[in-house]
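Look for subunit A in each of the two complexes below; its partner is subunit B in the first and subunit C in the second.
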Partner chain A sequence: MIPLCLPATLDSLDEIGKYIVAATTEAKLETKPAYGLRLAVDEIATNIITHGYEETGKAGNVTVSGEITDSSLTIVLEDSGIPFDPLSRKLPSEDELNLPLEERDIGGLGIFLVLKGVDSFSYEFINGKNRNMFTMNLPGKA
Partner chain B sequence: MAFDAQLAMADHIAKITLIGSLDASSAPRFKEVIEEAAVQSPTKLVLLMDSLDFLASAGLRVLIFAKQKMGAGVDIYVVGSQGPVLATLEMSGFHHSVYIQETYVEA
Partner chain C sequence: MAIETKIDGTNVIATVSGEIDGKSAPQLQSELLAALQDGNRLLVDMKGVTYLSSAGLRMLLLLYRQIATKKGKVVLVGVSDEIRDTMSMTGFINFFTLVDTQEAGISALS
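== the complex of A and B ==
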(Lines of atoms letter the chains of each structure in order from A and count residues from 1; the text may use other names and numbers.)
(Lines give C-alpha, C1' and ligand atoms only; values in the text may rest on other atoms or scores of the structure.)
Protein backbone atom coordinates (compact mmCIF):
# COMPACT_ATOMS: atom_id res chain seq x y z
CA MET A 1 0.00 0.00 0.00
CA ILE A 2 1.15 3.55 -0.64
CA PRO A 3 2.56 5.05 2.60
CA LEU A 4 0.66 8.00 4.06
CA CYS A 5 2.56 10.88 5.66
CA LEU A 6 0.52 13.01 8.06
CA PRO A 7 1.17 15.86 10.48
CA ALA A 8 1.83 14.55 14.01
CA THR A 9 -1.37 15.98 15.47
CA LEU A 10 -4.36 14.22 17.04
CA ASP A 11 -6.51 15.29 14.06
CA SER A 12 -4.51 12.77 11.98
CA LEU A 13 -5.86 9.81 14.00
CA ASP A 14 -8.96 9.80 11.81
CA GLU A 15 -6.94 9.47 8.57
CA ILE A 16 -4.73 6.80 10.15
CA GLY A 17 -7.88 4.91 11.15
CA LYS A 18 -9.20 5.08 7.58
CA TYR A 19 -5.86 3.78 6.26
CA ILE A 20 -6.05 0.78 8.62
CA VAL A 21 -9.67 0.07 7.66
CA ALA A 22 -8.63 0.12 3.97
CA ALA A 23 -5.70 -2.22 4.72
CA THR A 24 -7.76 -4.71 6.73
CA THR A 25 -10.47 -4.68 4.07
CA GLU A 26 -7.92 -5.35 1.33
CA ALA A 27 -6.34 -8.13 3.43
CA LYS A 28 -9.83 -9.59 4.07
CA LEU A 29 -9.23 -9.63 7.80
CA GLU A 30 -12.27 -10.54 9.89
CA THR A 31 -14.07 -7.91 11.98
CA LYS A 32 -12.53 -8.73 15.37
CA PRO A 33 -8.84 -8.83 14.34
CA ALA A 34 -9.42 -5.84 12.04
CA TYR A 35 -10.74 -3.84 15.00
CA GLY A 36 -7.87 -5.04 17.22
CA LEU A 37 -5.33 -3.80 14.68
CA ARG A 38 -7.07 -0.44 14.24
CA LEU A 39 -7.17 0.01 18.01
CA ALA A 40 -3.50 -0.97 18.43
CA VAL A 41 -2.36 1.48 15.73
CA ASP A 42 -4.57 4.26 17.15
CA GLU A 43 -3.07 3.75 20.63
CA ILE A 44 0.54 3.88 19.44
CA ALA A 45 -0.13 6.82 17.09
CA THR A 46 -1.69 8.65 20.05
CA ASN A 47 1.45 7.99 22.14
CA ILE A 48 3.72 9.19 19.33
CA ILE A 49 1.72 12.37 18.76
CA THR A 50 1.17 13.17 22.44
CA HIS A 51 4.52 12.21 24.00
CA GLY A 52 6.82 12.46 20.99
CA TYR A 53 5.56 15.76 19.63
CA GLU A 54 2.87 17.76 21.47
CA GLU A 55 4.41 17.51 24.96
CA THR A 56 7.86 18.42 23.65
CA GLY A 57 6.57 21.29 21.49
CA LYS A 58 8.08 19.61 18.45
CA ALA A 59 6.37 19.62 15.05
CA GLY A 60 6.73 16.76 12.60
CA ASN A 61 5.08 13.95 10.73
CA VAL A 62 4.05 10.39 11.26
CA THR A 63 4.08 7.94 8.38
CA VAL A 64 1.83 4.91 8.19
CA SER A 65 2.51 2.15 5.70
CA GLY A 66 1.03 -1.28 5.07
CA GLU A 67 2.22 -4.45 3.43
CA ILE A 68 0.06 -7.44 2.60
CA THR A 69 1.65 -10.80 1.83
CA ASP A 70 0.12 -14.26 1.45
CA SER A 71 0.42 -14.88 5.17
CA SER A 72 0.29 -11.52 6.93
CA LEU A 73 -0.69 -7.88 7.05
CA THR A 74 1.98 -5.60 8.50
CA ILE A 75 1.46 -1.97 9.43
CA VAL A 76 4.41 0.28 10.25
CA LEU A 77 4.29 3.66 11.99
CA GLU A 78 7.41 5.79 11.67
CA ASP A 79 8.21 9.14 13.27
CA SER A 80 11.13 11.36 14.19
CA GLY A 81 9.86 12.41 17.60
CA ILE A 82 11.77 11.66 20.78
CA PRO A 83 12.81 7.98 21.06
CA PHE A 84 10.04 6.17 22.88
CA ASP A 85 9.72 2.42 23.35
CA PRO A 86 6.06 1.64 24.15
CA LEU A 87 7.12 -1.75 25.49
CA SER A 88 8.97 0.03 28.31
CA ARG A 89 5.57 1.05 29.75
CA LYS A 90 4.37 -0.92 32.75
CA LEU A 91 1.33 -3.03 31.94
CA PRO A 92 -1.60 -3.06 34.36
CA SER A 93 -1.68 -6.25 36.44
CA GLU A 94 -4.76 -8.48 36.65
CA ASP A 95 -5.42 -7.04 40.13
CA GLU A 96 -5.20 -3.47 38.81
CA LEU A 97 -7.63 -4.32 35.99
CA ASN A 98 -10.11 -5.56 38.59
CA LEU A 99 -9.94 -2.41 40.73
CA PRO A 100 -13.06 -0.24 40.92
CA LEU A 101 -12.84 2.76 38.60
CA GLU A 102 -12.64 5.23 41.49
CA GLU A 103 -9.37 3.59 42.60
CA ARG A 104 -7.80 3.11 39.20
CA ASP A 105 -4.69 4.70 37.85
CA ILE A 106 -5.44 6.53 34.62
CA GLY A 107 -2.47 5.19 32.60
CA GLY A 108 -1.10 1.95 31.15
CA LEU A 109 -4.24 0.80 29.31
CA GLY A 110 -3.07 1.83 25.84
CA ILE A 111 -0.13 -0.55 25.48
CA PHE A 112 -2.21 -3.28 27.14
CA LEU A 113 -4.80 -2.93 24.34
CA VAL A 114 -2.04 -2.91 21.71
CA LEU A 115 -0.65 -6.24 22.85
CA LYS A 116 -4.14 -7.75 23.14
CA GLY A 117 -5.14 -6.57 19.66
CA VAL A 118 -2.36 -7.79 17.38
CA ASP A 119 -0.56 -11.06 16.64
CA SER A 120 2.81 -9.40 17.03
CA PHE A 121 4.14 -5.97 17.91
CA SER A 122 7.72 -4.72 17.82
CA TYR A 123 9.55 -1.45 18.29
CA GLU A 124 12.96 -0.24 17.19
CA PHE A 125 14.77 3.08 17.02
CA ILE A 126 16.70 3.09 13.79
CA ASN A 127 18.31 5.85 11.69
CA GLY A 128 16.94 8.50 14.06
CA LYS A 129 13.39 7.21 13.76
CA ASN A 130 10.92 5.36 15.97
CA ARG A 131 9.57 2.37 14.11
CA ASN A 132 6.50 0.60 15.50
CA MET A 133 5.50 -2.55 13.65
CA PHE A 134 2.18 -4.40 13.94
CA THR A 135 1.60 -7.79 12.31
CA MET A 136 -1.60 -9.75 11.81
CA ASN A 137 -1.54 -13.33 10.55
CA LEU A 138 -3.97 -13.90 7.72
CA PRO A 139 -6.47 -16.69 8.35
CA GLY A 140 -5.56 -20.14 7.13
CA LYS A 141 -2.26 -18.97 5.73
CA ALA A 142 0.02 -18.39 8.75
CA MET B 1 -15.38 8.24 12.04
CA ALA B 2 -16.59 11.52 13.52
CA PHE B 3 -17.66 11.71 17.14
CA ASP B 4 -20.56 13.28 18.93
CA ALA B 5 -21.70 13.26 22.57
CA GLN B 6 -25.11 14.60 23.58
CA LEU B 7 -26.25 15.11 27.16
CA ALA B 8 -29.85 14.91 28.36
CA MET B 9 -30.63 15.42 32.07
CA ALA B 10 -33.91 14.16 33.54
CA ASP B 11 -34.79 13.36 37.16
CA HIS B 12 -31.13 13.74 38.20
CA ILE B 13 -30.11 11.07 35.68
CA ALA B 14 -27.49 12.14 33.16
CA LYS B 15 -27.91 10.35 29.85
CA ILE B 16 -25.15 10.79 27.32
CA THR B 17 -25.50 9.45 23.78
CA LEU B 18 -22.14 8.60 22.26
CA ILE B 19 -21.83 8.36 18.49
CA GLY B 20 -18.92 7.44 16.22
CA SER B 21 -15.29 7.06 17.18
CA LEU B 22 -14.00 7.84 20.68
CA ASP B 23 -10.23 8.14 20.83
CA ALA B 24 -7.66 10.75 21.88
CA SER B 25 -8.86 13.23 19.26
CA SER B 26 -12.48 13.10 20.47
CA ALA B 27 -11.99 12.33 24.21
CA PRO B 28 -11.76 16.05 25.15
CA ARG B 29 -15.31 16.56 23.80
CA PHE B 30 -16.56 13.58 25.86
CA LYS B 31 -14.76 14.95 28.95
CA GLU B 32 -16.43 18.33 28.39
CA VAL B 33 -19.87 16.68 28.37
CA ILE B 34 -19.02 14.69 31.52
CA GLU B 35 -18.05 17.95 33.25
CA GLU B 36 -21.26 19.57 32.05
CA ALA B 37 -23.20 16.64 33.58
CA ALA B 38 -21.15 16.58 36.81
CA VAL B 39 -22.02 20.18 37.76
CA GLN B 40 -25.69 19.15 37.79
CA SER B 41 -24.91 16.50 40.47
CA PRO B 42 -26.56 13.51 38.81
CA THR B 43 -27.38 10.40 40.83
CA LYS B 44 -26.71 8.13 37.84
CA LEU B 45 -24.74 8.36 34.63
CA VAL B 46 -26.19 6.46 31.66
CA LEU B 47 -24.02 6.13 28.57
CA LEU B 48 -25.95 5.14 25.46
CA MET B 49 -23.41 3.41 23.23
CA ASP B 50 -25.45 1.71 20.48
CA SER B 51 -23.87 3.98 17.90
CA LEU B 52 -20.35 4.10 19.33
CA ASP B 53 -18.27 2.08 16.89
CA PHE B 54 -14.74 2.65 18.21
CA LEU B 55 -13.38 3.03 21.74
CA ALA B 56 -9.72 3.62 22.56
CA SER B 57 -8.00 3.96 25.94
CA ALA B 58 -8.44 7.75 25.89
CA GLY B 59 -12.20 7.11 26.08
CA LEU B 60 -11.73 4.60 28.90
CA ARG B 61 -9.72 7.22 30.80
CA VAL B 62 -12.67 9.63 30.54
CA LEU B 63 -14.87 6.93 32.13
CA ILE B 64 -12.37 6.70 35.01
CA PHE B 65 -12.42 10.51 35.18
CA ALA B 66 -16.25 10.46 35.27
CA LYS B 67 -16.33 8.03 38.19
CA GLN B 68 -13.69 9.98 40.10
CA LYS B 69 -15.34 13.33 39.36
CA MET B 70 -18.93 12.29 40.17
CA GLY B 71 -18.04 10.03 43.09
CA ALA B 72 -18.22 6.31 43.80
CA GLY B 73 -21.92 6.65 44.71
CA VAL B 74 -22.92 7.63 41.19
CA ASP B 75 -23.54 4.38 39.28
CA ILE B 76 -22.49 4.25 35.66
CA TYR B 77 -24.62 2.35 33.14
CA VAL B 78 -23.19 1.36 29.76
CA VAL B 79 -26.14 0.65 27.50
CA GLY B 80 -26.27 -0.93 24.04
CA SER B 81 -22.55 -1.50 23.75
CA GLN B 82 -21.69 -4.45 21.54
CA GLY B 83 -18.99 -6.27 19.58
CA PRO B 84 -15.40 -5.09 19.88
CA VAL B 85 -16.35 -1.97 21.91
CA LEU B 86 -17.94 -4.16 24.58
CA ALA B 87 -14.96 -6.54 24.37
CA THR B 88 -12.59 -3.62 25.04
CA LEU B 89 -14.57 -2.62 28.14
CA GLU B 90 -14.52 -6.20 29.43
CA MET B 91 -10.86 -6.81 28.61
CA SER B 92 -9.97 -3.66 30.57
CA GLY B 93 -11.97 -4.80 33.61
CA PHE B 94 -14.55 -2.02 33.37
CA HIS B 95 -17.44 -4.50 33.58
CA HIS B 96 -16.57 -4.87 37.29
CA SER B 97 -17.40 -1.21 37.91
CA VAL B 98 -20.24 -0.32 35.57
CA TYR B 99 -23.63 -1.85 34.82
CA ILE B 100 -23.56 -3.24 31.30
CA GLN B 101 -27.03 -3.48 29.76
CA GLU B 102 -28.59 -4.01 26.34
CA THR B 103 -31.35 -1.52 27.11
CA TYR B 104 -31.49 0.81 30.09
CA VAL B 105 -33.10 -0.70 33.17
CA GLU B 106 -32.52 0.91 36.53
CA ALA B 107 -30.67 -1.56 38.81
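== the complex of A and C ==
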Protein backbone atom coordinates (compact mmCIF):
# COMPACT_ATOMS: atom_id res chain seq x y z
CA MET A 1 0.00 0.00 0.00
CA ILE A 2 1.13 3.57 -0.64
CA PRO A 3 2.57 5.10 2.58
CA LEU A 4 0.68 8.06 4.00
CA CYS A 5 2.58 10.95 5.59
CA LEU A 6 0.48 13.07 7.96
CA PRO A 7 1.12 16.00 10.32
CA ALA A 8 1.62 14.78 13.89
CA THR A 9 -1.63 16.25 15.23
CA LEU A 10 -4.70 14.60 16.76
CA ASP A 11 -6.65 15.53 13.60
CA SER A 12 -4.61 12.89 11.76
CA LEU A 13 -6.00 10.02 13.89
CA ASP A 14 -9.05 9.82 11.61
CA GLU A 15 -6.92 9.43 8.48
CA ILE A 16 -4.72 6.81 10.14
CA GLY A 17 -7.87 4.92 11.18
CA LYS A 18 -9.17 4.98 7.61
CA TYR A 19 -5.84 3.73 6.29
CA ILE A 20 -5.94 0.76 8.68
CA VAL A 21 -9.56 -0.03 7.79
CA ALA A 22 -8.59 0.01 4.08
CA ALA A 23 -5.62 -2.29 4.80
CA THR A 24 -7.65 -4.79 6.85
CA THR A 25 -10.36 -4.82 4.17
CA GLU A 26 -7.80 -5.49 1.45
CA ALA A 27 -6.18 -8.24 3.55
CA LYS A 28 -9.68 -9.71 4.24
CA LEU A 29 -9.12 -9.76 7.99
CA GLU A 30 -12.15 -10.75 10.04
CA THR A 31 -14.02 -8.08 12.01
CA LYS A 32 -12.48 -8.75 15.44
CA PRO A 33 -8.79 -8.93 14.45
CA ALA A 34 -9.36 -5.94 12.14
CA TYR A 35 -10.75 -3.95 15.07
CA GLY A 36 -7.86 -5.09 17.30
CA LEU A 37 -5.28 -3.89 14.78
CA ARG A 38 -7.03 -0.57 14.28
CA LEU A 39 -7.14 -0.07 18.06
CA ALA A 40 -3.45 -1.00 18.45
CA VAL A 41 -2.26 1.40 15.75
CA ASP A 42 -4.51 4.19 17.06
CA GLU A 43 -3.18 3.78 20.62
CA ILE A 44 0.44 4.08 19.48
CA ALA A 45 -0.32 6.93 17.05
CA THR A 46 -2.08 8.82 19.88
CA ASN A 47 0.97 8.34 22.14
CA ILE A 48 3.36 9.51 19.40
CA ILE A 49 1.29 12.62 18.69
CA THR A 50 0.61 13.64 22.30
CA HIS A 51 3.86 12.60 24.05
CA GLY A 52 6.31 12.61 21.15
CA TYR A 53 5.24 15.89 19.60
CA GLU A 54 2.51 18.03 21.21
CA GLU A 55 3.78 17.91 24.81
CA THR A 56 7.33 18.72 23.70
CA GLY A 57 6.20 21.56 21.42
CA LYS A 58 7.76 19.78 18.46
CA ALA A 59 6.11 19.74 15.04
CA GLY A 60 6.59 16.93 12.54
CA ASN A 61 4.99 14.06 10.71
CA VAL A 62 3.86 10.51 11.23
CA THR A 63 4.08 8.08 8.34
CA VAL A 64 1.84 5.03 8.17
CA SER A 65 2.51 2.24 5.71
CA GLY A 66 1.06 -1.19 5.11
CA GLU A 67 2.30 -4.36 3.47
CA ILE A 68 0.21 -7.40 2.68
CA THR A 69 1.87 -10.72 1.89
CA ASP A 70 0.43 -14.22 1.53
CA SER A 71 0.68 -14.83 5.25
CA SER A 72 0.57 -11.47 7.00
CA LEU A 73 -0.51 -7.86 7.12
CA THR A 74 2.10 -5.49 8.56
CA ILE A 75 1.52 -1.87 9.49
CA VAL A 76 4.47 0.42 10.28
CA LEU A 77 4.30 3.81 12.00
CA GLU A 78 7.38 6.02 11.71
CA ASP A 79 8.01 9.36 13.38
CA SER A 80 10.83 11.69 14.35
CA GLY A 81 9.41 12.74 17.72
CA ILE A 82 11.26 12.03 20.95
CA PRO A 83 12.48 8.42 21.13
CA PHE A 84 9.95 6.32 23.01
CA ASP A 85 9.78 2.56 23.38
CA PRO A 86 6.16 1.60 24.21
CA LEU A 87 7.41 -1.76 25.49
CA SER A 88 9.32 0.05 28.27
CA ARG A 89 5.99 0.96 29.88
CA LYS A 90 4.92 -1.12 32.86
CA LEU A 91 1.78 -3.04 31.93
CA PRO A 92 -1.14 -3.39 34.35
CA SER A 93 -1.08 -6.78 36.08
CA GLU A 94 -4.05 -9.15 36.23
CA ASP A 95 -4.63 -8.01 39.84
CA GLU A 96 -4.63 -4.36 38.83
CA LEU A 97 -7.13 -5.05 36.05
CA ASN A 98 -9.48 -6.47 38.68
CA LEU A 99 -9.26 -3.46 41.00
CA PRO A 100 -12.38 -1.33 41.51
CA LEU A 101 -12.37 1.67 39.19
CA GLU A 102 -12.06 3.98 42.22
CA GLU A 103 -8.56 2.60 42.83
CA ARG A 104 -7.40 2.30 39.25
CA ASP A 105 -4.31 3.85 37.80
CA ILE A 106 -5.29 4.33 34.18
CA GLY A 107 -1.72 4.38 32.83
CA GLY A 108 -0.53 1.58 30.62
CA LEU A 109 -3.96 0.50 29.37
CA GLY A 110 -3.23 1.71 25.84
CA ILE A 111 -0.10 -0.45 25.50
CA PHE A 112 -1.95 -3.36 27.08
CA LEU A 113 -4.59 -3.06 24.33
CA VAL A 114 -1.85 -2.89 21.67
CA LEU A 115 -0.38 -6.20 22.79
CA LYS A 116 -3.82 -7.83 23.10
CA GLY A 117 -4.90 -6.61 19.67
CA VAL A 118 -2.09 -7.79 17.37
CA ASP A 119 -0.25 -11.03 16.67
CA SER A 120 3.10 -9.32 17.05
CA PHE A 121 4.36 -5.88 17.93
CA SER A 122 7.89 -4.53 17.80
CA TYR A 123 9.65 -1.23 18.30
CA GLU A 124 13.02 0.08 17.19
CA PHE A 125 14.76 3.44 17.09
CA ILE A 126 16.65 3.58 13.84
CA ASN A 127 18.21 6.44 11.83
CA GLY A 128 16.76 8.98 14.25
CA LYS A 129 13.26 7.59 13.89
CA ASN A 130 10.82 5.67 16.04
CA ARG A 131 9.56 2.66 14.16
CA ASN A 132 6.53 0.81 15.55
CA MET A 133 5.59 -2.36 13.70
CA PHE A 134 2.28 -4.28 13.98
CA THR A 135 1.75 -7.67 12.36
CA MET A 136 -1.37 -9.75 11.88
CA ASN A 137 -1.20 -13.33 10.62
CA LEU A 138 -3.49 -14.16 7.72
CA PRO A 139 -4.34 -17.78 8.47
CA GLY A 140 -6.55 -18.29 5.43
CA LYS A 141 -3.78 -17.49 3.02
CA ALA A 142 -0.79 -19.18 4.63
CA MET B 1 -18.21 12.06 16.92
CA ALA B 2 -21.56 13.66 17.75
CA ILE B 3 -23.32 14.05 21.09
CA GLU B 4 -26.79 15.10 22.11
CA THR B 5 -27.84 15.39 25.75
CA LYS B 6 -31.18 15.88 27.43
CA ILE B 7 -31.97 16.17 31.09
CA ASP B 8 -35.03 14.50 32.57
CA GLY B 9 -35.25 15.12 36.33
CA THR B 10 -32.06 13.62 37.76
CA ASN B 11 -31.52 11.50 34.63
CA VAL B 12 -29.04 12.70 32.06
CA ILE B 13 -29.67 10.99 28.70
CA ALA B 14 -26.79 11.30 26.23
CA THR B 15 -26.81 9.92 22.70
CA VAL B 16 -23.35 9.57 21.23
CA SER B 17 -22.33 8.46 17.76
CA GLY B 18 -19.13 8.07 15.80
CA GLU B 19 -15.64 7.28 17.09
CA ILE B 20 -14.36 7.96 20.62
CA ASP B 21 -10.60 8.42 20.34
CA GLY B 22 -7.81 10.62 21.66
CA LYS B 23 -9.24 13.57 19.80
CA SER B 24 -12.96 13.24 20.54
CA ALA B 25 -12.87 11.79 24.09
CA PRO B 26 -11.85 15.03 25.87
CA GLN B 27 -14.67 16.94 24.16
CA LEU B 28 -17.22 14.26 24.99
CA GLN B 29 -15.94 14.13 28.56
CA SER B 30 -16.39 17.85 29.15
CA GLU B 31 -19.90 17.85 27.65
CA LEU B 32 -20.99 14.91 29.79
CA LEU B 33 -19.44 16.34 32.95
CA ALA B 34 -21.21 19.65 32.30
CA ALA B 35 -24.55 17.83 31.86
CA LEU B 36 -23.94 15.99 35.14
CA GLN B 37 -24.08 19.27 37.07
CA ASP B 38 -27.83 18.74 37.07
CA GLY B 39 -28.15 15.05 37.74
CA ASN B 40 -26.41 11.98 39.04
CA ARG B 41 -27.88 9.26 36.84
CA LEU B 42 -26.32 8.98 33.43
CA LEU B 43 -27.50 6.97 30.46
CA VAL B 44 -25.16 6.94 27.48
CA ASP B 45 -26.74 5.56 24.32
CA MET B 46 -23.77 4.15 22.39
CA LYS B 47 -25.64 2.33 19.60
CA GLY B 48 -23.99 4.68 17.10
CA VAL B 49 -20.49 4.40 18.57
CA THR B 50 -18.29 2.33 16.28
CA TYR B 51 -14.95 2.69 18.06
CA LEU B 52 -13.58 3.36 21.55
CA SER B 53 -9.88 3.62 22.42
CA SER B 54 -8.17 3.82 25.83
CA ALA B 55 -8.91 7.57 25.75
CA GLY B 56 -12.58 6.55 25.83
CA LEU B 57 -11.92 4.17 28.73
CA ARG B 58 -10.23 7.02 30.58
CA MET B 59 -13.35 9.13 30.00
CA LEU B 60 -15.60 6.33 31.30
CA LEU B 61 -13.39 6.00 34.37
CA LEU B 62 -13.66 9.71 35.10
CA LEU B 63 -17.44 9.74 34.64
CA TYR B 64 -17.77 6.69 36.85
CA ARG B 65 -15.76 8.33 39.63
CA GLN B 66 -17.67 11.57 39.34
CA ILE B 67 -21.00 9.78 39.57
CA ALA B 68 -19.86 7.46 42.37
CA THR B 69 -19.14 10.49 44.57
CA LYS B 70 -22.72 11.67 43.91
CA LYS B 71 -24.08 8.20 44.67
CA GLY B 72 -25.50 7.93 41.18
CA LYS B 73 -25.44 5.34 38.43
CA VAL B 74 -24.12 4.94 34.86
CA VAL B 75 -25.95 2.84 32.28
CA LEU B 76 -24.57 2.21 28.80
CA VAL B 77 -26.96 1.30 25.97
CA GLY B 78 -26.18 -0.66 22.82
CA VAL B 79 -22.42 -1.20 23.31
CA SER B 80 -20.94 -3.02 20.28
CA ASP B 81 -19.29 -6.46 20.60
CA GLU B 82 -15.84 -5.02 19.92
CA ILE B 83 -16.19 -2.31 22.56
CA ARG B 84 -17.52 -4.92 25.02
CA ASP B 85 -14.35 -6.94 24.35
CA THR B 86 -12.17 -3.91 25.15
CA MET B 87 -14.16 -3.22 28.33
CA SER B 88 -14.01 -6.81 29.46
CA MET B 89 -10.28 -7.39 28.91
CA THR B 90 -9.51 -4.23 30.89
CA GLY B 91 -11.91 -5.14 33.71
CA PHE B 92 -14.15 -2.13 33.08
CA ILE B 93 -17.27 -4.05 32.16
CA ASN B 94 -18.21 -5.05 35.73
CA PHE B 95 -18.61 -1.46 36.85
CA PHE B 96 -21.20 -0.43 34.29
CA THR B 97 -24.72 -1.62 33.61
CA LEU B 98 -24.99 -2.56 29.92
CA VAL B 99 -28.39 -2.90 28.29
CA ASP B 100 -29.69 -3.15 24.73
CA THR B 101 -32.37 -0.46 24.56
CA GLN B 102 -32.93 3.05 25.94
CA GLU B 103 -36.19 1.88 27.58
CA ALA B 104 -34.31 -0.86 29.47
CA GLY B 105 -31.64 1.72 30.31
CA ILE B 106 -34.10 4.18 31.79
CA SER B 107 -35.66 1.52 34.01
CA ALA B 108 -32.15 0.36 35.04
CA LEU B 109 -31.37 3.91 36.18
CA SER B 110 -34.18 4.10 38.70
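Heads up, the rule we're going with is that the second predicted complex is superposed on the first by the 140 of 142 C-alpha atoms of A that agree within 3 Å, B and C clash if a C-alpha of one lies under 4 Å from a C-alpha of the other, contacts with A are read in each partner's own complex, and residues count from 1 in each chain.
Basically, contacts are C-beta pairs under 8 Å (C-beta built on N, C-alpha and C of every residue); 3 or more make two chains touch, one makes a residue touch a chain.
Small disclaimer: the values here were computed from a predicted structure and weren't measured.
When both complexes are superposed on subunit A, subunit B and subunit C occupy overlapping space and clash. When the shared chain is aligned, subunit B comes close enough to touch A:K18, but subunit C does not.
With both structures placed on the common chain, the touch criterion links A:E102 to subunit B and to subunit C.
With both structures placed on the common chain, the touch criterion links A:N127 to neither subunit B nor subunit C.
When both complexes are overlaid on chain A, the residue A:S88 reaches neither subunit B nor subunit C. Counting contacts as defined above, subunit A residues 10-11, 13-14, 17, 31-32, 35, 38-39, 42-43, 46, 49-50, 97-102, 104, 106, 109-110, 112-113, 116 meet subunit B in one complex and subunit C in the other. Per the touch definition, subunit A reaches subunit C in the complex via residues 10-11, 13-14, 17, 31-32, 35, 38-39, 42-43, 46, 49-50, 92, 97-102, 104, 106, 109-110, 112-113, 116. By the touch criterion stated above, subunit C contacts subunit A in their complex at residues 19, 21-23, 51, 53-55, 57-58, 61, 64-65, 68, 81-82, 85-86, 89-92, 95. Residues 1-2, 21, 23-25, 54, 56-58, 60-61, 63-65, 67-68, 71-72, 76, 83-84, 87-88, 91-94, 96-98 of subunit B are the ones touching subunit A in the complex. If you check the complex, the residues on subunit A that touch subunit B are 10-11, 13-14, 17-18, 31-32, 35-36, 38-39, 42-43, 46, 49-50, 97-102, 104, 106, 109-110, 112-113, 116.
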